[in-house]
Structure formats: C-alpha cells, structure tokens
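Note that the chains take the letters A, B, C, D and E in the order they are written out, and that residue 1 is the start of every chain.
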Amino acid sequence: MTYYAQLVLNGVIAGSIYALFAVGLTMVYGVFRFINFAHGELIAWGAYLVLLLINPPFSVPLYLAVLPALLVTMAIGVGQDRYVYQPLIHGNRITLLIASIGVSYLLRNTIRLIWGSDLMTYGIRPVRGIQFAGLSITPTQILMIGAAVFFLGALYFLLTRTILGKSLRAVADNMELAAIMGINMKKVSLTVWILASLFAGAGGFLLALDTNLEPMMGMTNMIKAFAAVLLGGAGNVWGALVGGLFIGIAENVGVAFFSPGYKDFISFALIFLLLILRPKGIFGVLAGVR
Amino acid sequence: MKKIFFLLTGFCFLFSGAYALAGTNEVVVGAVTPLTGKLAVYGEGFQQAMLLALDEVNASGGINGKPMKILFEDNNSTSKGSVSGIQKLIAIHKFPVIFGPAASSNFLAVCPIAQDNKVILIGAESAASAISKCGSYVFRVFPSDLGQGKGVAELTDNLGYKEVVLTYVNNDWGVGLAEVFKEQFVKNGGKLIDEFAHDEGKTDYRSEILRIKKESPKAVVNITYIKEGATMLKQAYETGLNTQWLMGSASKSPKMVALAGGAAEGVIGTYPTFSQETPQYRAFKEAWAKKYPGKKMPIFGEYNYDMVKLTAKALKGAKSMSPDDIRAALIKAGKGYIGVTGDKTFDANGDISATYGRWTVKGGKIGDYKK
Amino acid sequence: MLLEVDQLTAGYGPITILHRVSMGLSDREIVCIIGPNGAGKSTVLRAVSGQITPEGGSVIFDGEEITRDGLSKKTEKGLIFIPQGQNIFPNLTVLENLEIAGSILKDSEKLRRAIASVLEKFPMIMERKNRPARELSGGQRQILALSRILILNPRLALLDEPSLGLAPIVVDLIFQEIGKMNKKGISFLLVEQNARKGLSVSHRGYVLELGKNRLTGTGQELLNNQDVQRLYLGG
Amino acid sequence: MLRIENVTKGFGGLVAVDDISLRLDNTGITGLIGPNGSGKTTLFHMITGFYRVDHGLIYFGDKLISRLKPHNISRIGLVRTFQQTRVLPFLSTLDNLLSAAPDQAGERLSSVFFRPAVVRREENESRERAMEILELVSLTSMSDQLAGMLSFGQQKLLEIGRVLMARPKMILLDEPTAGINPTLIRQLVEIIRGLKKRGIQIFLIEHNMPLVAEICEKIFVMDSGRLIFSGIPSEARRDARVIEAYLGREDRAS
Amino acid sequence: MDYLLHILIVALIYGIFAISLNLELGYTGLYNFGHVAFFGIGAYTSALLGLSGLPVSLSMALGMAAAGVAGALLAIPALRLTGDFFGIATLVFAEMVRLFFVNERWLTKGPMGLPGIPRPSWIGEGIAGLPMFLLFCILLTLLVALTSRRLATSPFGRALKVVREDEYVAQALGKNVLSLKTRAIIFGSVLAGLAGCLWAHYISYISPSDFTLNETILVLLCVVLGGKGTNWGPVLGAFIIIFFQEALRFLPIPADFGRLVAPLQGMVYGFVLILIMLKRPEGIVSEYRGLRQC
C-alpha cells in the first residue's frame, strides 16, 4: 500500500510543477486564444539562466541567482509577445501556432548553442529523503510543493483580490466588453506574459533543482502541461491546477501497471482522448473561476 | 525568384569549394562523430582523444613523411546525419578510411555504405553484436556486447546475487546488452524479480525507482548511460532504496559520479578492461594531462586513441592507398598490437577480444573493484 | 447641447452603415433612436462611444470635439457605453463585475461606497454578490450592467437595446430605473427596438432608416406618426 | 413545397424557435420578417440542416429533411446564403461559382484519375454556365480576380450567383440587402425576380420593409420564436400583433 | 558524385513527403502536425515486409496502404476537432505511434531499429544502385507531383479549397466536408507512406528516433517556405532545406565550433519559420500567383 501511496505522492510533486506550467499556458490561451508552443522554452530558460548565474564568471549563490534569472525569463516571455505574437494576433490562429513552434525551436537551440545538449546540474549533493509513515520526501521536494502552493496561492490572490487580476479574468471572459469598460489591454497582456513566464521559469528552476537540466526539459514538460490544460478546460486556471495534479498522479501510478517505456504514452493518450471526447475539458467551462 | 537564384548559386559555390579542401601532401582520414545531438556529451571526448593520438602520430613523422589529418563530420547523433556524413566523406573527399559513429544504431546505418563502397570503417565504441556481421571492410577496436552482457551476468553471479531486478535504457545498446545478460544470468540459475526498460534522457525516474523498491531486491542490474545512471542513483538515494547497484561500462565515468553527487558510492560495474599498469596506459595518461590540463579523461577515450594510432600504423605499412591494401595492412598492423586498451588483434569479423574488469565507486572516485 | 453628432459616417471595414447621420442631445435629456433592423442604430452608439472610429463627420461632447477619441478616453470624460446582449462577465462574481465596471475610478474608497450603494439598492443582486454572474436571470443581468451607470455617475450613458430578450414586467423595471437615473442628472442616448416603450420614456426621438436620418420629434409626436409605423412595416 | 411542422429549438434555457408550423407552396417569393432575436435565422439554420431541430419535422417536397446533414439538403435543391456575406476570399470569382456546381463527377477521386474526359467535358459545361451567371450578376470582368478583393456589393452578387450555380429548386436568402446601396438593391431585386421567372422558389429574411412589400407574394412574421402572422404583406401592416411586435404594446406604452 | 546523388535522393524523398503534407495543409487547411507518423508507418511496414522476404515493390505498396489505413483511423476521431486542436491531436498521435515503435519490440525490434532493409531487386544494392534509385525517386516524385497537380486542379481539389476557406459555405453548397477531409488525409497519408517506404529502402536502416516531431517540423518548414497550396512550392522548399542542411557541412568551421553547427541550424529554422509567418505567410511560390489582387 505504501508503494501506491508513494507513487501518488510522487505524482503530486510532479503534478504541482505541471500545474505551475499549465496555469501559465492556460492564461495565455484564455486571453489570446492560442496555444503557445514556446511556453516550454520559458521553463528551460528559467532553469538555465540560474545555471548561468551560479557558474563563473558570475558565481552568484544559488538563492541570489533565482530572482535575476526569473526577471530575464519574463523579459523573454514579454519579448515573444511583443515581437512575434502581437503582430500576428489578429490573423489566423494557425499562423500564431506555427510562429510559436518557430519561437520554440529558436529558443531551444539557443540553449543548445550556449550550454550544449549535455545534462547539467546545479551541483547540489543529494540528501536522504525525510521518512514518515513509510513515505519518503526530500527537502527539495518539500520546497517544490511549498513553492507551487505559494505561487498558486499568490495567483489566486491576484486573480480574485486585485483589480488587475480581475481585469485579467474579465478580458479572458469577454475581451470586447473589457475594452468597452476601459480595461487597459496592454497592461493585461503584459501581466499575462509576465505571470506565464514567471511561473514557467520558477517551475523550471524547481524542476532543475530536484533533477537535472537538459535542453528538451521545456518541451517535455510543456506537453504534460498541455495535457493538464486540456483536462481542466482550455482557459480555466483552476482546471489547469487540478489537471496538472491529475496528469502527475496518472503517469506516476501508471508506472506500476505499464512498462515505464509507456510513461509518456499515458500523457499523450490522455490528451488524445480528452481532445476527442471532451474538447472543453473534464470540468468544462462551467467549473471554477476563469 | 532572384533570391532563389542567389541561394542556389550560394550552395553551388559552397559545394564546389569543398573539392579543393583535401590536399595531396597529407593523408586525411574521415570521422563521423556525434558533435551535436544527444551523444555530443561523449563526442567531444572522442574527438579530443583522437586529436591527441593524431598529434603524436604527426610529431613522429606522420604517415611516411606526410602529415595525417582527420576530417570530422558531425552526425547530429542520428542515423540520418551519420549516413549523410559518411556519404559526404566517401563521395566528396574519397577518403579510404573512416572512423565510424558512436551508438550502434548510427554505426549500423553507415556500415552497409562503407562495405559497398569498399571503404574501411573502424568503430571505437559501438558494441552491438550485429556489427560483427557488417562485412569485411568493417572493423572495431572495441569489444562486442556479447562479452560484456556475459560479464555483467558473471559479476552478478560471483557476488552471489541470485535474484535481481533488471532495468535498462530503452535504446539499441541497452536492449541488446540486457538480452545477452538475461540469457546468461538465467542460464546460470539466476532469477529476475522484475525487468523493465527506462526512457533515455528523462530527469525524473522516481517512479521507476519505486517500482524497484517495491521488490526490495538485494541487487539491481542497471544497464544505462551516464546521465540516466546518475539521475537514478541520486533519486534512489533520496528515496532510501538500499541495494547493490550493478552497472555496465557506459556509465563508468567520473561525470556520472559527479552528477550523482555521492549517491554513486558503492556501485559495482563491469567494463571491457585493459591493465592500467602498462607503460602504454601511463604514457597515454601523461599525454592527456599535458594536452588537456585539468580535463578528465573521457569515456572510451583510450579506444579512440588506440584507433587512430593503429590506423596510422596500418597506413604507414600499406602498399598503396587502395582499400584492399589498407585492409590487409590494418589486419597486419593489428596482429599482436598492444595499445592502451590491450591487444588489438582482429578476428575474422574484424572484432577484437577483450577481458572484462570490474569498477566501483569509492570515496567519490572510480577505481577497480576488488573483493 | 451636451452631445452633437454632425454628419456622422461610419461602418465596419468595407461596409458603410451610417451615411451622414446627425443628432443632438441636451443635458439631462433622454433621447431614443428607433428604426427597423439594419437601420444602423447600434452603429451610431458604437461610433459615438469610440468602439469604432467614424469615417467622417464629427462628435462634440460638452463643447469638445471627441470624434476620434478611444473608448477609455471618452469614458473618462463622462460618456459611457453599455452594449447589448453580452454586457456582463459571466464567470466573474456579481461583486467583481461591479468592481470591473468601476475599475477606471481612481479613488478606491469612492468605488467601494458606490458599489455598496448599488448593492443596497438592488437586494436581489446583493443576495448573489459572491456568485458567478452567469447564474443571474436576464433581468438581473441587465440591472447589473446598468449598475455601471450608478457607479461611474457619467454625464451621458449610451444604452443599446436594454429591453432585448426581457419579459415585459422586467422591461418596465429597467425603464423605471432609467427614469430615476435621469432625474439624478444623467442623460441617455438609447437604442430601442421596442419603439413604443423606448419613446414613452424619452424626451425626444430620432428615427433612422438604412443608415440615414428619417424623422425626429418628441416621443409622443413620433408615437403618433403614421410614417413611423410605415417604416417598420412598409407600405 | 417546404413544409415545417411544429418545429422547436432551444439553446440552454432560451427557446429560440417555439413550435412553428408553416408551409410554402409555389408562392414564388416569400418573406420572413420579425424583430431582432425573433428566431428567423435559427429557423433558416434548421431548414438547411445547420441546426438540429429539438422537436418537429421539416419536409421538402415529400422528403423529410429535418434529420439530414446540410450538404444533403443542399444537394436536393434547397440552397442558402448567409447573413454575413461569405464568399471564398482566396479563390477566384470564377472558382467561387464553379465550386457550387452540383453533382460534379470530378469531385470523386476515381473520376479525377480514371475518367478525365468526363470530368473535362463537365468542367467545360460548368464553365459556360458560370460565365452566363457572371454575366447575369455583372461580374464577367472580375472572373479571374480573388473573390476577397471584390467590393462588398459585388461579393453579395457573387454569393447570389453561387447559389444559382447550384441549380436550386428553392433559395433561402438571409438578409440579402443588408449593408448595400440602393442601386445595388435594385439590381438584386431584378435578379431575384428573374429567378422567380425561372421557377425557382425564394424564401428570404429581410428587414427592408418596403422591399418586402414590393417583391413578396406572401410573408411570415415571427416574434419571440413564434409565428404570429402569415399572409400577404398589406394585411401584415394592419395586423395588431405584428404592430405590437415591432413597435411595442400600446396599453403599456403610456 | 555519389554524394550529390545522395542529396538529390534525400531531397526528392522529402519533396514527396512535403507534397503529401501540402495536400492536407495547403489545399484542405488541415494542420497535421503529426504527419511523420504516416511516414514512419509506411517505412516500418514496408521495411518489415521487405525483411520478411516479400518483393520490395509489393511491400512498398502495402506500406502505403498501411499508412492510408492509419490515416483513416486518425481521421475519423480527429476530424471532430478544428484548427489548432486538430493540430495538437495529430501531434500527440505521432508521438504515440513513435512510442509504439519504441516499445513493441517483438514487432519493431524497438530502439534497436531495423538494419539491412533491402532495395527493390531491380535496383542494385549499394553505390551501384544509386543512379537507378535516383531515377526511381525522380519518376515517383514526378508521378506524385503530377497526381497532386491533377488533384488540385480538379473539381475535387477545388472542393478541398472550399472546405479550407469556409466549412459552412462548403456544406451549404452540398459538399460533404467530413468525407472530403477524410479523403484528403488518407491520400496525404498514402503519399507520406510512399515517402517513408522510399526512405526505409534507401537508407536501409530505420529506428524510432528517425520519426520524431523534428521531422514534422522540417517538412512543415519545407511546405510553408516553398509555398503551401501550390504544386511545386513544397518540392522547392524540400530542395532548399536539404541543400541548406548539407551545405552547412562545407562551411569551414573550426573543429572546436563543430558542436555549434546543429544548434545554429535549429536556430535558423526557428527564425525562418517565424520570419515566414511574419513577412510572407504564403511562402516563396504564392498560391495566388496569376490571380489579380487589385
């Protein structure tokens, strides 16, 4: 039994990070109505920028490296929007999607150019997990869950308690009406990109802290996040959160029943089935605050 | 339309320029090497080792007075890239000898091309047993899987583990080795409690680790690479899995130990070995430290070094630069040749034989395992 | 005159809907625009409010030319627009809808008080203030949309078909509210399809047909005008 | 010819079309009018199969069509236009028409590859007919222009022409005159009358009342999803319920 | 010269692959981001059958058929989706197919790949066969391009374009949208399968890593660069891309910078893709060439 409990716990840890990625992806979808393929690269860049800062010539302590790295990640996110997506926003959504694939390719290969394809780490020594009730969890993982809870809590606060956050939801709800009501669209779109990049970058950092860095890490996790987005209903922030947890648990528990070679297959199959059976997500548009 | 014209002209210019590249006053050998892509982590080390050997060859007079050169073609770690690369080396440069790409899948993709073109193809790190059947122009200075799979099985047996969990990286090399291991292990009376593949290049193997932990095996045979091995060891340590890890040769690397950050302590593995007490090895080690100060010796670097040295010897002795003459010279050169990695006498398949050693990690360093 | 629209020409992309439409509205006046479907009534409101940019003509508000100002600039000057149909945010709560409606107010204390007074005024909305607005009935939604006028207290409100899709009794309620707000000093430019209803609460009316001015007069005059009926029903 | 029996359609809580029954015999030109949101376009969508009916039956001739897919309904001669003009912007004007030709053998892959002569002959015939129609809608000189580049009025004409190309028995026009200038309206009226002379039935939603009065032999009036009147246009003007639907109720007005 | 033959063969195979994607993406407006799946299914089927001793031409035909069947199987559920969601569904489908190749070792030998795939018997093995193989590819490319042209200029092709422009209008004009799209996908899949078969029998070794998203992006780039919805644009695009890839080998890049080539190449692809979308979404050869645009 503890075996399954531990699998679920691992799923929750993985899922909380997927959720961080997914809420960003779904916010962008909610406001701009397109799937940003390059979201994964924000994840990777967040992680790699920290790596850049902790190594020579900067040699900044890890905890000091995070903030500047996240700031640069945000700049990348805002830059994507400013130079690629904004000029295309009124055209075909497919044009946007292809352009975002282009952005993803460009950013990922820039990582390869700078850091190579090799696996990297922050060089932190592994620590024995803390044991309780037969379950094991490492301090880093506790930090991950804590950070995910903190970020998602902050997001909840922002979206439900501040005018800016409410404006953001209003734009996702009805863009035309939001414009009529004098909501500053530029500010809202900037906020969305900043939040999406922040969450992606922070998630990427945490993921790298727990495991390793490699150029494909963004892409791999973006696919998972996308499954979470679909599960929660595209554009639905809380749906994405639950979806992230679900994907995390599903693929981890799935290992007990399938060959681990099929681990990714579970996410993919889930995406495929969800798209076909419930294009609006399990929770549909009705659940939660959008 | 104009743009297309310019583009095409540009390509033509590039292609035509290439023919002028190879001069006649030097002996050039081609190499298809993974400088980019997923195997680039090893490729750079291979390249450095080859260049080290090259320096030594040229310092001692080159190939009968002509300097030797290696032209590296990247293969992007893919079979498509390997085929394109070797096609270019053969067709444009017409090199009679080519050093083949790492990873058996890539090597297997190019070996029929070499064989058909009557070009000598030499591999320094491809282990798949299928390579033995590639043909008469294909050689390797690296032992076939067959031996190593048996080696791991014997190690397991010797250490007294009768029931183990087997996991292996889900690619050509991992699967091939795992199959040889399984056959031998079961034949020796061992039993596999669980057996599964793990994906290459993942950053999270915790669920796989749990699957192992569930069986609480005394030992786990993990046939995997540096990155995957390090991640798994680290996460097993965090999870509190106490077991004896048994590994193959591809994860024997200081880099693996560094990545695993202490969690690699106590791992035991096998590897095709050669004595490190020989003067050849000491010379190599010194030369390496001199040319690449501060850089760790790469995995399989010794084999790449031996490959270049042996090839140089063969080229010196070849009657002409025709493939058949070189082939004969290579076989002759290999006979009784003791390189850094031991005896390089080729058998009928172009394979060498090898002895298998055992490595372990102790105090953060890789050393020989002794009972 | 609070609002003077002179020779306004406007449309969407290649299609021109309004052809040199002119109209005026005095301070504290309710003016209703009526006309058959496709006459361009809603387009007048969109062009005046700044949702679309007019192709020609001018809009003067309180003595100031605002023809090409955008929505938010006009809102700041005291001219607000409440569109027809989807005029609330269904997935925001009622309270949040009110907050967004007043989000251009810089003074948050003032906003808080304004919202409190709106909630006090409409108990049926108060009851559901923390529920998503999509759960409201049609009439409640319209009240919620109109609350924006109470919160922002503008000089002039442009309302597009406030009675659309509502039961007669609710329509009466809506028009009563419009009357009350007008007494407090807010002017209205309405578009109504329900011509009798619209004209009955209005001081004056304009009749449009195919994007052109057709008739004008006081509400009662137009109600009694046979031409109006003919316009709607042909003949 | 078109028979609608007790048709109902709702969206969520809202009943858009409420138990409508009507029939069109060989009237020639029939109008469907009503205030905004009265359910006219919804009814059109149901007749042409774009919406499924919740209840009720629709017959065209003797054929029950209320369960058919839109393309099948189109193929039996009931063809529609859309409220917003929808030409195919990145096809040439001529291709816009050709694409509407019914029963093209060339749309079957087997014919394309194995019976090219048949396809070619058919294409030539279609082309001839398309040129005639272009003549009719005065777009001959625009035949090889991208349809998206035509003026709005020309697009309207092209759309009518395209419907014509489909050899319809009955045409459903959704607000054909919306947003076009009076000259073009006259041209359109002439085209519509020409169609009637060829024996094609016209069923149209229209807001331009004088025009409806001028060209329709019969009209139906809808309000809030219900049919409130059917008869000749001059009677509709005197009908109390129609007046109420358009102008509002008299008793509550003061 | 063999090297040039090799590049030409690869370019032609990608030309066929690009034409097949163009049928869906260019003519029908179906954004299939999982097209490589059919390339892979064609390649694997044909390779497995060829290895089992079936005549190569027969196994190639069966490979194409298998790709077509797979296309139909994908089309039936996925066509319920439109636009970008269809794109994602197909992308995921392709990854599932690849994972199947990786994991079903009893059939595909998994990541070991399939070596020694034979060529058609009338084409010689090895170098001697290259000119013949090139000829074979040229003939097939011409055949495929002419077929695609015949299709595009036929009423069928016109109907596909109507579907692409406006599904509602297509329905109102009596077009069975679902059937047209399904047929376009099947046709596209069969041709992608052909490209896959050619690839497998040419390169003689295939493994699952040859059929990743990267290949889809490469062929997508060929189509949008060359000009989607045009007949020769995709082939032109394929030639430019393949020649560009190979030309990079000739740049005098110092060995130390060798590892930078592939990332730089990827960056260029990404950048070109963005640039095309921003500046010239219709590609080099425009579909609207010859039509007046005022």
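Note that in this section a residue touches a chain if its C-beta (ideal position, glycine included) is under 8 Å from a C-beta of that chain, and two chains touch if they have at least 3 such contacts.
As the structure is a prediction and not an experimental result, all values here were calculated from the model.
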item: Chain D and chain A - chains in contact with each; value: C, E
item: Any chain that touches chain C and chain B; value: A
item: Taking each chain's C-alpha mean as its centre, the one farthest from chain E; value: C
item: Chain whose average C-alpha position is farthest from chain B's own; value: C
item: Chain D and chain E, separation of their C-alpha mean positions in angstrom; value: 42
item: Interchain centroid distance [CA atoms averaged], chain A/chain C, Å; value: 42
item: Centre distance in Å when chain A and chain E are each reduced to the mean of their C-alpha atoms; value: 31
item: Multi-partner residues of chain E (at least 2 other chains); value: 102-103, 259, 262-263
item: Pairs of chains in contact (touch as defined earlier), listed by label; value: A-B, A-C, A-E, B-E, C-D, D-E
item: For the chain E and chain B complex, residues of the former touching the latter; value: 1-7, 10, 102-103, 105, 110-113, 115-116, 125-128, 203-207, 209-210, 236, 240, 243-247, 249-251, 255, 258-259, 261-263, 284
item: List of chain E residues in touch with chain D within their complex; value: 147, 150-151, 154-156, 158-159, 161-162, 165-166, 168-177, 180, 183, 187, 287-288, 290-294
item: Of all residues in chain B, those that touch chain A in their complex; value: 36-38, 40-41, 170, 196-199, 201-204, 206-208, 210-211, 213-214, 226-227, 230-231, 234-235, 237-240, 258-263
item: Contacting residues of chain B [partner chain E, same complex]; value: 3-4, 7-8, 10-11, 14-15, 17-18, 35-37, 40, 43-44, 47, 51, 72-74, 76, 78-80, 83-85, 87-88, 90-92, 105, 108-109, 112-113, 115-117, 128, 130, 170-172, 174-176, 197
item: Touching residues on chain D, where the partner in the complex is chain C; value: 14, 35-37, 151-152, 175, 178-179, 182, 207-213, 233-234, 236-237, 242-243, 246-250, 252-254
